[in-house]
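Going by the order they are written in, the chains are A, B, C and D; count residues from 1 in each one.
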Amino acid sequence: MSAAGEEQISYWELIRNGILKENTIFRLALSLCPAIAVTNNLKNGFFMGVAVVVVQVMVNLTISAMRNFIHPRIRLPIFMLVISGWVTIVNLVMDAAVPDVYKDVGLYIQLIVAFASILARAEMFASKNSVTPSVFDGIGMGTGFFIALMIISFFREVVGKGQVWGIPIIDAKPLLILILPAGGFFAVGILMAAFNWMYAKYFSSGGHSH
Amino acid sequence: MDFGKLFELVVSSSLVNNYVFTMFLGLCIFFGVTKKMETSIGMSITFTTVMMISAALSWIVYKFIMVPLNIEFLLIIVFIGIVAGLVQGSDTVMRKLAPDLYNKLGIYLALISTNCIILAVPLQSVGNKYNFIETIAFAFGSGLGFSLAMIIMASIREKLELADVPVPFRGLPMAFVITGLIALAFTGFSGLITL
Amino acid sequence: MDTVRTPKEQQLIISASPHIRSDESTGRIMWTVSAALLPATIMAAYYFGPYAIFLIALTVVSAVGFEYLYQRGMNKEVTVTDGSAVLTGLLLGLNLPPTVPFYIPLVGSAVAVVLTKQLFGGLGFNVFNPALIGRAFLLISFPKLMTIYAEPTAQFVSMDAKTAATPLGILKLDGIGKLMEVYGDQMTMYSQLLIGNCAGSIGETSAIAILIGGLFLMFRGYISWHIPVSFLGSAAVLAWIFGGKGFFTGDPILHLLSGGLMLGAFFMATDYVTSPSVKKGQLVFGVGCGFLTMLIRLKGGYPEGVMFAILIMNCFTPIIDRSFKSEVFGAVKVKKEAAKQ
Amino acid sequence: MALATFKGGIHPPDKKELSKQRSIIPAKSPKRAVIPLSQHIGAPCKPAVTIGQEVKKGEVIGSPEGFVSSPVHASVAGKVTGFIECPSATGRMVQAVVIENNETEEWTVLKDNPDYLSLSAEELRAKVKDAGIVGMGGATFPTHVKLSPPKEKPIDVVILNGAECEPYLTADYRLMIEKPQDVVGGLKVIMKIVGVTKGFIGIEANKPDAVEIMTKAVADEPNISIVTCKVMYPQGAEKMLIKACVDREVPARGLPMDCGVVCQNIGTAVAIYEAARFGKPLIERVVTVTGEGINEPKNLMVKIGTLISDVVAECGGLKDNTAKVISGGPMMGFALFTLDMPVTKGTSGILALPESEVTHVDKFGPCIRCGRCIEVCPMGLIPSMLSVTAEKGFYEDAKAYNLYDCFECGTCTYVCPSKRPIVHLVRLAKSQVKP
């Protein structure tokens, strides 16, 4: 097989890794706050997810691009600066582009800056790899987070409101609790258990180690 | 100074709008350190202190530097800088001046710098246009609420060590379910104070 | 000597001491507590009719059913005969408004039995009172349905009963004056609340029926006085001090007799699993429940606070248990001597 | 006035009526006596006889090794035919001397002392030691050790334990009824040995005739008083009895001497009296043979080394429905796996129970935190948590719940509605961790 083919596979592996094995929310249990806070409907979850994907990819890109110019001793402050810079940009863009969503999720967009997962990927991956794999890693991690948010917010909106993206689909009394704080915890807990169960059953075996 | 208002602010930020149970902030730390009672007590003390100091500092910087210079849009960068600097600084100071205390609480300091509650407090206090004293009260209440949540959670999780929880739910999923149940109980506080 | 029989030695039972046991059992406790709820159930049948009884029956059956299904599904030993699921179902049923549609009890008992009890490892390990979590879950999920109360008709028909506000609801919205208007005078109000002729959850209205059951349990030693007395006592004192317009003008009797206070104090707060097991801790727990109940009733967003008060105190039970351990025999003396040295 | 007692405790049905009225009668002398060399807590004796040697009753056959040890004497006259390993009530195998009875019942020379109270404390203590007396309530701690408190622990009170709080057992009760003067004599010897002037005899209120007889017996003894205790298990546990009689609390993990008290069992007192007065070693004891599974319940004076099966046979044998045979009382005794073991100095009773009387539960439920065990625990522990931590293997955590303060009286297990084997779990935890 050609070298390019191998690289293709490893990029795919990076994305797969971010979505399944090291899924930020379900497996690593990082960045949990927005997973509950903004997932009471699909729309909020979607934009939050997009914001995280953008920040993760851009941070990985920036840091891997300048990794050879950063003195190791001051790397953490630089990382923080890069992250907060990108968060500020995304924050301002969101405020301008989707003000109704921003009203709900604004605080949490600002708090992306404190996401352990973003700093961790910058430190563990982007600062040690070249630009292309770092971007794919960013896409993988971001998408894993994005998918998790979509699953949770879909579940919560359907059961809690009987709607998808604000459009009613089920004509029954919904379980209002699911769009409220307590129900958010239940939803994430139950989905997490389901993900663990599925992961243990279908993905952990057959060559993919833990 | 209106003490009634301050008291309401403390009650509101600790019980009614508890960061963990209604705002979902600080969950990483919340789930991370509540496996043992001792750690969560240590974390509570450290956290509340750092929270109050950083909120006060951020308020001063915001009011007297950022507003006059018209650089409010750099809020996030500046605040995270303050928090990181404060944690780093207190780490050094504590190690030098109070090594005993550092040995007890120092390990928690490292965890704090990337925590969202610490950052959320100044962000919210700026957003809600609190004055200096109100900011302190708000930070204190938030810290108190977070401490309360951590201690309750730790006591329940220690008890749950002895229980036979179904396998997929072991660990974090169960912690989420418990938090949900506590949040459900804390719903009773809603409407207690309407600010 | 040949006439003397010695049993084959393999037949002798070997087990650790003690070799005799009392005849108390978990099942007997659960069934007795359920039986103690019979007076309240009978009063409920009298005031709210067959549909209320249907709801109670449905809750009990579904609670048992969910426990059975869960235990079968998870390959655990099926323990539905110990009566704990029956008791949970019964308490949940008695806590529902008498007009809810049939699926409400089903959702409630699923939450109570599976989410609150079995996920934690089953009987003995749950942190929260299952019936109360079931009700809180329903109240948050179906806020409208769960706050429609029917007028007690004292007749065995009630499918489309007239709706009415609970005494506490009236108190919260319109104040004591309106309540007096409804009942005429104070003594009538007390007596009606005592026998249960008022709107409310199916089994909580008749204070006297609950009291009979509660005192029976106390007499049998199944519950101690600590939690009910400290709960009711602190609630009454706080109602008296803060319940009125000025200090010390509140009406403690009204607060004691209305809402779920009696049912909560005797049957819910005293739940073994979710309340402290040391007596001193139980007093703290009871006072906490009383305080929170009155806080929510007088200042909070809900007209009734018993349920949330008990649930919040459930959160604190492990901490109370840690803080109040029983006094070890001889430990006091050691402490005193250590202090002397 | 409320009767003296302690905090906690339970009321199991006492079932003493089965054997209460039966006077103590001597049991048949065994054809073969099997006398274990370790009948006490502490180092086992080393054999003092050889195979083939002729011994007389009361002759030393095992001599003590070390201070915490106690000699063993021949209970029958005859020929030593061998040394065997025989099971003890706790299930361990111990070395025993076998003596073939020659039916002569010939005593070795005993030194009579009509004026025993004029002997010095040292001489009396030596007599107790030489007589091989151990705590006969079941603990079997060598009595002379208990009567030699270190100087820094001054003793000012002696308490005789006539509570006999274990259901079914009536051995001490019969001794008090039949030999009140011997009991008082024993108490006086003990008081003399430890040099105190205050003596108490604690008796549970369900034995009014014993209280009456003992009160008469001490009418001329201004220093000795009878304390009527409330009927409550475990009233006869040392710490509880001391609390009831003199309102002192033995410090946690301490001994009675830590609060100035020496506590002795009624049977031990009688043995001490006989040792001091007649120089008689401990070669026989009162054993209550009782229970619904025994045809003729009796109080027998049994020679040490008589096989339990022989004793049971003398009481008409076991009924067909007998499911469990216990050495000692039903609360703290040991279930026997065979009747082919000898009566020892600590055998206070042999109890045969039918299936209906014993609750042997194969499976037990989860702790429902009802708090009954906490209420009844005489030591003020939280047995529920001890059992849960031990069950899940968190033995270290059990220490935080004062694991080592538990003396395994069984009250918690008796009341537990989930039928949890709490005492058993506590023993497990104790075996797994160091204090």
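The criterion applied here is as follows: contacts are C-beta pairs under 8 Å (C-beta built on N, C-alpha and C of every residue); 3 or more make two chains touch, one makes a residue touch a chain.
Please read these numbers as outputs of a predicted model, since none were measured by experiment.
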Number of steps on the shortest touching-chain route linking chain B and chain C: 1
Central chain (by mean CA position): C
Geometric centre distance via CA averages, chain B-chain A, whole Å: 23
Centre-to-centre distance between chain C and chain A (centres being mean Cα positions), rounded to whole Å: 43
Distance between chain centroids, defined by C-alpha means - chain B, chain D (Å): 61
Separation of chain A from chain D, taking each centre as the mean of its C-alpha atoms, in whole Å: 71
Touching two or more other chains - residues of chain C: 115, 121-122, 125, 137, 140
Residues of chain A engaged with two or more neighbouring chains: 177, 180, 182-183, 186
Touching two or more other chains - residue numbers and ranges from chain B: 162, 166, 169, 174, 177, 181, 184, 187
Interchain contacts, given as pairs of chains that touch: A-B, A-C, B-C, B-D, C-D
For the chain A and chain B complex, residues of the former touching the latter: 29-37, 77, 80-81, 84-85, 87-88, 91-92, 107, 110-111, 113-116, 119, 177, 180-186, 188-190, 192-194, 196-197, 200
Chain D - residues contacting chain B, complex: 388-389, 392, 394
Footprint of chain B on chain C - complex, ascending: 74, 115-116, 118-122, 125, 127-128, 133, 136-137, 140, 292, 295-296, 299-302, 305, 307-309, 311-312, 314-316, 318-319, 322
Residue numbers on chain C that touch chain A, as the complex places them: 103, 107, 115, 137, 140-143, 145
In the complex with chain C, residue positions of chain D that touch it: 6-7, 10, 12, 167, 239, 243, 249-254, 259, 309, 312-313, 316-318, 320, 322-326, 330-340, 351, 353, 357-361, 365-372, 374-375, 377-382, 384, 401-402, 405, 408, 410, 413-419, 421, 423-424, 427
